[in-house]
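By letter and in written order, the chains are A, B and C; residue numbering begins at 1 in each of them.
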Amino acid sequence: MDLVETGKPGELLPHVASGARSLSWWGMALLIATEATLFALLIASYWYLRFRAGPVWPPHGIEKPSLGLPLIMSGILWSSSIPAHWADRAIQKGSQFRLRLGLMLSWMLGATFLLLQIFAEYPHSLKINPPSSGSYGTLFFSITGLHGAHVAVGLLVSLWVQARAWQGAFDEHRHVSVQNFVMYWHFVDIVWVFVLATIYLSPRFL
Amino acid sequence: MTTLADRPSERLEQLWAEEPGLGTWLSTVDHKRLAKKYLYTAITFLILGGIEASVMRLQLAHSNLKLLDPETYNQLFTMHGITMIFLFAVPVFSGFGVYMIPLMIGSREMAFPRLNAFTYWGFVAAGIFMYSSFLIGKAPDGGWFNYPPLTSQSFSPGPNIDFYALGLIFLGLASTGAAINFITTILKMRAPGMTLNRMPIFVWGELAMQVSILFAQPALTLATVMLMLQRHWHWHFFDPGAGGDALLWQHLFWIFGHPLVYIVLLPGLGIVATILPTFARRPMVGYTWVVLAEMATAFIGFGVWVHHMFATGLPSLALSFVSLTSFLVAIPSGIQVFAYLATLVTGKPKLTTPMLYVLGFILIFVIGGVSGVMTASVPLDQTVTDSYFVVAHFHYIMGGVALFPTLAALYYWGPKMFGRLLDERWGKISFWLTFIGFNLAFFPMHILGVIGMPRRTYTYASHLGWDSWNLTETIGTFIMGVGILITIVNLVRSTRRGEPAGNDPWDADTLEWATTSPPADYDFETIPEVRSLHPLWDQPELKDGAQPPELGGRPLAHGHRVLATSLLDAKPEAVVDMPHESLWPFFLTVGLMGFFYGALTRIGLVAALGGFVSLVSIVGWIWPRGQTQEM
Amino acid sequence: MKGERAYLRRFSVLLLIALAGCATKSPSLLDAKGPAERTASSIWWPMVWVATAVTVFVVVMGAYGVVRGRRIREEDIRRDVPWGDRFILIAGLGVSGAILIGFFVFSLARAATLARAQPGLEITVIGHDWWWEIRYPNGAVTANEIHIPAGQRVNISLTSVDVIHSLWVPQLGPKIDLIPGRTTHAWLKADQPGEYRGQCAEYCGLQHAHMAFFVIADPPNDFVTWMANTANPATPPSSALAMQGQNVFLSNTCIGCHAIKGTPANATLGPDLTHMATRTTLGAGTIPLNANTLAAWIRNPGQFKPGVTMPPTTLTSQELNALVTYLLSLGFPAR
């Protein structure tokens, strides 16, 4: 562990910090707070417009969203948090191999989720409720689209972190970037709980 | 192990100095240089906003004048609001924060220096983006709150509203970055021993401000993105015909917009809480209550937004609830005023220019506050909203708090930033002109509202008796303008010809006065250990220069480093390497500028190019260079 | 002495200005002419007096601090202020809280009074850029003038066809917005017959400044007559010139926007002109209505209301003269 002098007699402090001792961890935590607020407001807008629209929801002529594909996508996305968490724990113990493997598995699951959304779910949704058809379609694509954009950004960040991991940039002391990425990734997965509940489940059960 | 010299200032100078001047003008990450840029830019926008107001007041000086056509007037009042709020009030307090917070908390830098640079460049760029609309005569004209359907494509087909929405999205990126920077700095970089209850009130005020920005900004970003999607891609958020709702915009906008006024108020009150005790020659009475009041105002402020919508026909239960919270939100503000009064009557107030501005502000704030309380009453608000009464109220509060503490701070902190005192005689003259002009300009607006004059009107009929009040307001505006200009000239002249200030011309208590004026590049020769809420009044060694290591001072002179400390008790936790100058924040801003102009003109190539430059800049920014240990 | 005297000087000037405000001839909301406005503005004076008292207290205490300060020495200042916390909490939390909650409850009671639904004539007001459409249950349609029976309550449903507007008659009641896609509700009641000026109070674009209207409270019998007359078709033209004017109206772009009941013109994009000669202003209160102003308005409405939807016309002066004669004949039949 890298310790340096501060100049106060006898005082040595770590030169590398992780977790809540690290400044960048706070940066990520605060970014998550503001993005969470963004999602909360968008989902609140969904409920607002829905209840103004009256008892028929989706509006006449639009079928309720099918659950099969979204549930599969959910399983894939949520399971991607497991290897990510595993990778995070691994590097805290200094294991490079498990770090790299975990991040790679997580990435592949996340990418599968996004591909399914773009190439399987969206073409179907664009046919039955495109955004320009009314508030229902608009909200569908706004919410899933905002979430998908966050997944995409997460995948890009993951590529960066993986590249750094392969370069050996991380060890048991120096790994806050991994922690920050994994924290973000868990956030994206938690948001999907609310997206699934709002967009896909609520028209059927509420 | 290298033996440190007794005063390692030469070493620190080498480690922290940036090349002065043009060489690092674009790449600076020094919080003091960035802060001055913030202040110069914000004051420039104050002048632009003032010009807009002055031209409007000329048009309104008499009934049925034809100085301006309605479209020009509508653009002016819209841009006046946007400029004063987004481009002056919020950035000026961010600017003072960027300069003073590291100093007040005993740090050498903010948490994220390159992000600091980006938030400045982003602010300027967004301001330029919005102002470029004047070049084609298409400035935003929907009012600063921009309600649809007026601002939807059908009623505002031109690019005016696109400048508004895209400009504010751009600015929002900068504001969010700044909020993250401030909060991390305040929570994690305070000098050892500066527990939360030893943190200066100004720092608390800035913390409350930036936390509010963090949670309020998403509402505005969301609303403006929704509006752009509706305007150009025909998505449906606000148009009733397709399941949208015009009030959705109002809710989202005011969920942002109300906290915004506290975002402006809280740092201003923090400045008052800094200057008043200094010139009352005693600590603030009721520090704990003042701090709690700052935080409570921010918190309650998130629960009152519907009071901007009292006339929209919402259910009375909702209106009653919000009326209650709107009455209650006045309590913490009142608590702060009573703390000021207690401090004044138990101290020895010295009527220097900054103190005059602070005292003038207290009166203005109270008048604005009581008129605000009147608007908390639903039936009364329904008679005065959208009239000049409410224009009076918010100019007393917003104009009051954005202007008077800012001008006070220029006289108070100007000497610290530039090393020279401002002229005291001209300072007092500027105060009286500004104060008298302000009241002449805005007090009659209460009356005009009561006698029926609606707001946002480019002219008015001659038989209604509104002429003399309007003329008074116009005259007051110009008197106030002269007062403000005198301060600006005073500031500029003092930077060259003012009397040297010395480290601590006011014999104040907070840590920024322990540095030289202006501070060295490294701010503190040793990071001080703090043992009191009033370090310079209680720890005499801080007045003599660097706190020696035996008393807790940490030179931290082996690298370009700062100290990270714990959240509550500021116990040292780690040593953090800070980055050096970098052009990437500037390039990112250029890329984003391209992206937003591409979005505005809907030229995909420009947007894509801008996006590409932005991406490359982000990569360049985080590319590991061995300067910081984290990426 | 400077600080304290300055405050008192400043304050008395402001007070004088405030008091002077009561003596004007504008449609002041303190000049309540109906129960709704009386209810709403009954909150005004108590709040103003308390506000003044609070302001005076702050000024006096601040001035005292400055004056006392001149008498003491800096060394005598004691950090500890034993009454500090108590003062702040009593004044800031206790007294302020009580006053604020008191006003809240008072306002709540007033709001409940205003919200109480009561029967009355039901009319509809529809907002347009930049004029007001009023529809009565018997089919009467008019523009920019809301006739009501004096001393009787009229319930209004409001909406807009384009952007958000707001109905504000300072002497009669609180504002209410007109929002497209929604219907809002309000009520009007004037104690006495009279004409009460109102103006749009929500920024609605270029001519928001020129979107006024009048609430005209007629004696109840006169109102019944007015409503019946307004529902009737237009007075047929009685002179050759007026007949020509009607032809000019029907064969030009006028019928694209304006309705005149009893003729083929029935568009609703612009104000209903069936009985326009009974109105006193043009352009929603922008200019008075007479032969000269009407001719100038038709020739180029934009000279009075730049940006108005109504386009200029290219009629010859003879046609214009005939048209004006016709339009000014659209009044009520003589008894």
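Throughout what follows, a contact is a pair of C-beta atoms (placed from the backbone, for glycine too) under 8 Å apart; a residue touches a chain by one contact, two chains touch by 3 or more.
Being a predicted model, the structure only gives us computed values, none of them experimental.
In terms of which chains touch, the assembly is arranged as an unbranched chain of neighbours.
Pairwise, the chains sharing the most contacting C-beta pairs are B-C.
Of all the chains shown, the one with its CA centroid nearest the global CA centroid is B.
Centres computed as Cα averages put chain A at a distance of 32 Å from chain B. Averaged C-alpha coordinates put the centre of chain B at 36 Å from the centre of chain C.
Computed centre separation for the pair chain A/chain C is 51 angstrom, with centres defined by C-alpha atoms.
Residue positions of chain A with contacts to 2 or more other chains are absent.
Shown for chain B are the residues that touch two or more other chains, namely 244-245.
By the touch criterion stated above, chain C contacts chain B in their complex at residues 2-3, 7, 10, 14, 17-18, 20-21, 24-30, 37, 39-41, 43-44, 47-48, 50-51, 54-55, 58-59, 61-62, 64-66, 68-70, 72-74, 77-79, 81, 84-85, 87-89, 91-93, 96-97, 100-101, 103-104, 106-108, 110-112, 114-115, 129, 162-164, 166, 168, 170, 173-177, 179-182, 184-185, 197, 199-209, 212, 285, 306-307. Across the interface of their complex, chain A is touched by residues 1, 4, 8, 111-112, 115, 176, 179-181, 183-184, 187-189, 214-215, 217-219, 221-222, 226, 229, 233-237, 242-245, 248, 251-252, 255, 526-527, 529, 549-550, 552-559, 561, 563-564, 567, 572-577, 622, 624, 629-631 of chain B. Per the touch definition, chain A reaches chain B in the complex via residues 4-9, 11, 13-17, 20-24, 26-27, 30-31, 33-35, 37-38, 41-42, 45, 48-49, 52-53, 59, 131-138, 141-142, 160, 164, 169, 174, 176-177. Against chain C, in their complex, chain B makes its touches with residues 69-71, 74, 142-143, 147, 149-150, 155, 239-241, 244-247, 280-283, 285-286, 289, 293, 311-313, 316, 319-320, 323-324, 327-328, 330-332, 334-351, 356, 359, 362-363, 366-367, 370-371, 373-374, 376-380, 382-387, 435-436, 439, 443-444, 446-447, 450-461, 464-466.
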